[in-house]
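You will see two complexes here that share subunit A, one where it goes with subunit B and one where it goes with subunit C.
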Partner chain A sequence: MENQSAHPLLSVKNLIVEYPPHSFFGRVKPVSRRAVDQVSFEVVKGETLALVGESGSGKTSITMAILGFVTPTGGKMEFDGVELNEMTIAKFRSRIQPIFQDAGAALNPQMKIGRAIGDGFPPGLPADQKRIRALELMKNAGLAENYYDAYPRQLSGGQKQRVCLARALAVGAGMLILDEPFSAQDISIQVQLMHLLRDLKAALGLTLLLISHDLTTVRLLADRILVMRAGKIIESGTIADIISRPQTDYARELIRQAGIKP
Partner chain B sequence: MSRIFRTVWKNQNCRWGLIILLPVFFAGLAGGSLTPIDPISQNLDQILQAPSGRYLCGTDFYGRDLFSRLVDGSRITLGLSLSAALLAVLGGALLGLTAGFLRGWIDRLIMRAVDVFMGFPRLFAVLLIAGFGRTDYGATVTVLALFSWMETARLVRAETLTIREALYVKSATALGLTKWRIARTYIFPNLLGTVITNLTLLIGTLIIIESSLSFLGFGTQEPTASWGAILNQGRLDPIGAWWIAVFPGLLIVITVIGFNLLGDGLRQLHDESKL
Partner chain C sequence: MSHPPILSVNNLNVALPGARGILSDINFVLPAGSTTAIIGESGCGKTTLCKALLGLLGRKFSVSGNITIGSRDGLNTTLNPGDSDSFCNLRGTQIGLLFQETPLTLNPVLRVGRQISDLFASSDRRAALQLLELVGFPETERIYRAYPHELSGGQAQRVGLALALAGRPEILIVDEPATALDSIARQDFFKLLRKLQIESGLTILMVTHDLHTLAVAADRLIVMFAGRIVEQGDCQSVLEHPAHPYTRSLLQIERAFRNGQWPEEMH
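== the complex of A and B ==
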């Protein structure tokens, strides 16, 4: 399943994420919900790996566990050979950056765009340098200079997603975790953002973990695909393998829904 | 600065709030120096004069000009309630933010303190302490603030709990920003709407409490004027000398409305990110 020929940048082994049982006025659900069930995969430097599956299949829980927002119940994660845990996650903050589906919610409504991007730069960088570099990143992300002093509410959904990309690049992250980054956008913006991402990846040698329910977007960007269902990986391979020779009915259904002809 | 003032002036609630409050603030700042007649000099030939061209709001039982006393009294009433409200809201916001953001034992400790302080009826607690003889300015401000921070702390904590789960706070955490920086630049600015509204509402409440204290004889002492103390005199002959009760009463109501309007307007502007 994994690409063994190169050194993995991110390695996930037997990851388990469970959400504890909750009670409602004394009525307790007896078992915890297992969102991710013994999932293992590796992401090699410079590749784009896609996690594909319907809502509730555990994709976002994997993202949250990698980013340290959810504590896994079991398993092991390594980034660049170092185990990821509560102690080490802070060290890797600058190297792994998330891009969320709802770009509007990912930006502080009270913070201007220039400052939001500037927050990604290392502390101690002089203000004028911050401005120059933020404007450069905005240009690379396809944003006009005059948005530097704008608030997020003054931008469209696609523009907000570009700001999030610029901010992730400001940190100098080598790996981006993109959680359904295009699904809130209309089709023309989706295409623009995909081209932008492809260009940035080529220019900066980024490693991407793309999470999506839509095979159409995935096949334009991903090198390999993992198909997830009910917290488990049920199929994996290159995009050509999955589309031309799907092994499970679930993968066939995803291909059919995306309107892709094998 | 002029841009901020123009934005504030364009908001209808803010504009009416300021129209009401600016003269009151001006009176508060200028105090007795603004009035043509000395607010504490007695003129026993002119006691209980009804409002007229010479005495705009009439005179009291000692023949003192009521208009001059109301202008002079605004310094005490506004000063006390503004300082106490600022102290209470700043303290409450800081404690609420700490409790909601850090959680754990510090949250439990702060919230139990809120419960304890909320158990005391504010006016009676202030009266109790005033009863021990401390009626000076500093003590009154401290006591008022000490029994007024809890609502702000509760509201700010609840809001912080919501905001700390917001995606933009997760993004800030992923950027590697420190907790202090996230609290200061991501959480606090989004709480400002709540804090501003709370501040203006609390000023209104404290004006009433300060007036009640003076009305009950525990606040400002004669011959110093405050709105509550003047109102207190009005109860001696509410029909015959109606102006002694009506003018300070009206002033209290209008000022409280002014603060509420200004608070509503500022919150609207903040929610629209115009401030």
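== the complex of A and C ==
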């Protein structure tokens, strides 16, 4: 349940994200597209909040706005009580880290795994310390020591996602934004990564914003769900509430399609 | 299944010279007018198998075994999957292919309609519009005039299907057709494939991860593990009585997910 007294780690108020009329070989589309329309929500420290909705509903646009990859047209975002704008987002990168669907694309193909993780540590940390701490993070993420000197191409998709998790933790982030972190993986790997995420969250008290269209996995990981459609939040509540008493036809359809038994 | 096979694969082996085999002892038939699903881990050879069926393996593999493909006029052709040229007259017209990432297969600077109508002699506009209607677009004119970037993932996938069906193939191979789609678009896509099959008697071979939709989307099921077929049969009976440990653990995970429980880790 939402704890009213707990102070939100991330708060988003009336967020609007619009993409400008784009030009395609000189043809300009007359209207801008509103991808996120007056969305407000809060993420409390230590909770896992899931954003659920079909492709194009605005889930990724919200994460891009929080991470500073797109500039919102309107609204206000606060992280730990400080307003997020272009200036402060760079500062907060050490506290919020993204995990993307395509782990392979998120890693530098020319950088060995050990360095990819080690570069996340604060500058000035001695090299031998970096190595020891990177190996420790790799162990926690379920990666064997011998991958320290491997290149990303030598790793499977699931292992690459583990590297991304270890790297985000090296930076010292207490909050992760995970955008479809499992959907590119085999189901057996999805299960492994879900276990890993659950264990890391419990051990480190991480706060998670999980973007997914897969209600079956969201249900196991999240405390609360926001259901999005066409840029708006149409329903929100605890997992149990939404699954047992969906308020909108869309949520009912999502539950039906996922084949979930309450 | 009482239907005669339209495609049979006999003792297919595919290997890279000097390495472990990629596909070993592959034997199966596709009954005409049915949907067969293939499931298996990444790297177990599903995509290599799809390529072999189209003669698209390339020269670097050593291939043995053969593939027999039936045709409309009842003639069977037996082909060596290592010989790409012998598939020339079949690709697109007898066997169609639909990939996972349709947006990548569309030309970004050409309108959708142009890309479809170019497949027909004299760039037949009517035929293209008919195909768009066939794959379930209500406003065919709008899609015809659209550029690929204006389509959603589900729409792009249906355009890909229209392209794959343009040569009126009897067999359609779909490699992970819905992985990139959200759950609602995914179900719509499987429903569309089923509808097309009922209307035209299409035979479908579908590589998929999606166990949940298997029961409604497929008649037969092939389970692959490490380059071999470890289990195959009627979809319903394989799902109810899985024989191989891999199939069993997959179903266990699936069942746990449906019931809101944490599945055990595999391996």
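The rule is short, and it goes like this: the second predicted complex is superposed on the first by the 257 of 262 C-alpha atoms of A that agree within 3 Å, B and C clash if a C-alpha of one lies under 4 Å from a C-alpha of the other, contacts with A are read in each partner's own complex, and residues count from 1 in each chain.
Please note the rule applied: contacts are C-beta pairs under 8 Å (C-beta built on N, C-alpha and C of every residue); 3 or more make two chains touch, one makes a residue touch a chain.
Source: prediction; values computed, not measured.
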| item | value |
| --- | --- |
| Comparing the two partners subunit B and subunit C, which touches a greater set of residues in subunit A | C |
| Contacts of A:Arg167 with subunit B and subunit C, given as first, second, both or neither | first |
| Which superposed partner A:Gln110 touches (first subunit B, second subunit C, both, neither) | first |
| Partner chain(s) touched by A:Gln257 [first = subunit B, second = subunit C, both, neither] | second |
| Contacts of A:Gly74 with subunit B and subunit C, given as first, second, both or neither | neither |
| Partner chain in contact with A:Ile187 - subunit B first, subunit C second, else both or neither | second |
| Partner chain(s) touched by A:Leu215 [first = subunit B, second = subunit C, both, neither] | second |
| Which superposed partner A:Asp119 touches (first subunit B, second subunit C, both, neither) | first |
| Contact set on subunit B toward subunit A in their complex | 166-168, 170-177, 185-186, 189-190, 192, 273 |
| Subunit A residues within the subunit B interface of the complex | 67, 69, 90, 93-94, 96-98, 100, 102, 105-111, 119-120, 151, 153, 164, 167, 171 |
| Contact set on subunit A toward subunit C in their complex | 24-25, 53-56, 156-157, 183-184, 186-188, 191-192, 194-195, 198, 213-217, 219-220, 243, 253-254, 257-262 |
| In the complex with subunit A, residue positions of subunit C that touch it | 41-43, 109, 147, 149, 152-154, 179, 181-187, 209, 211-212, 249-250, 253-254, 257-267 |
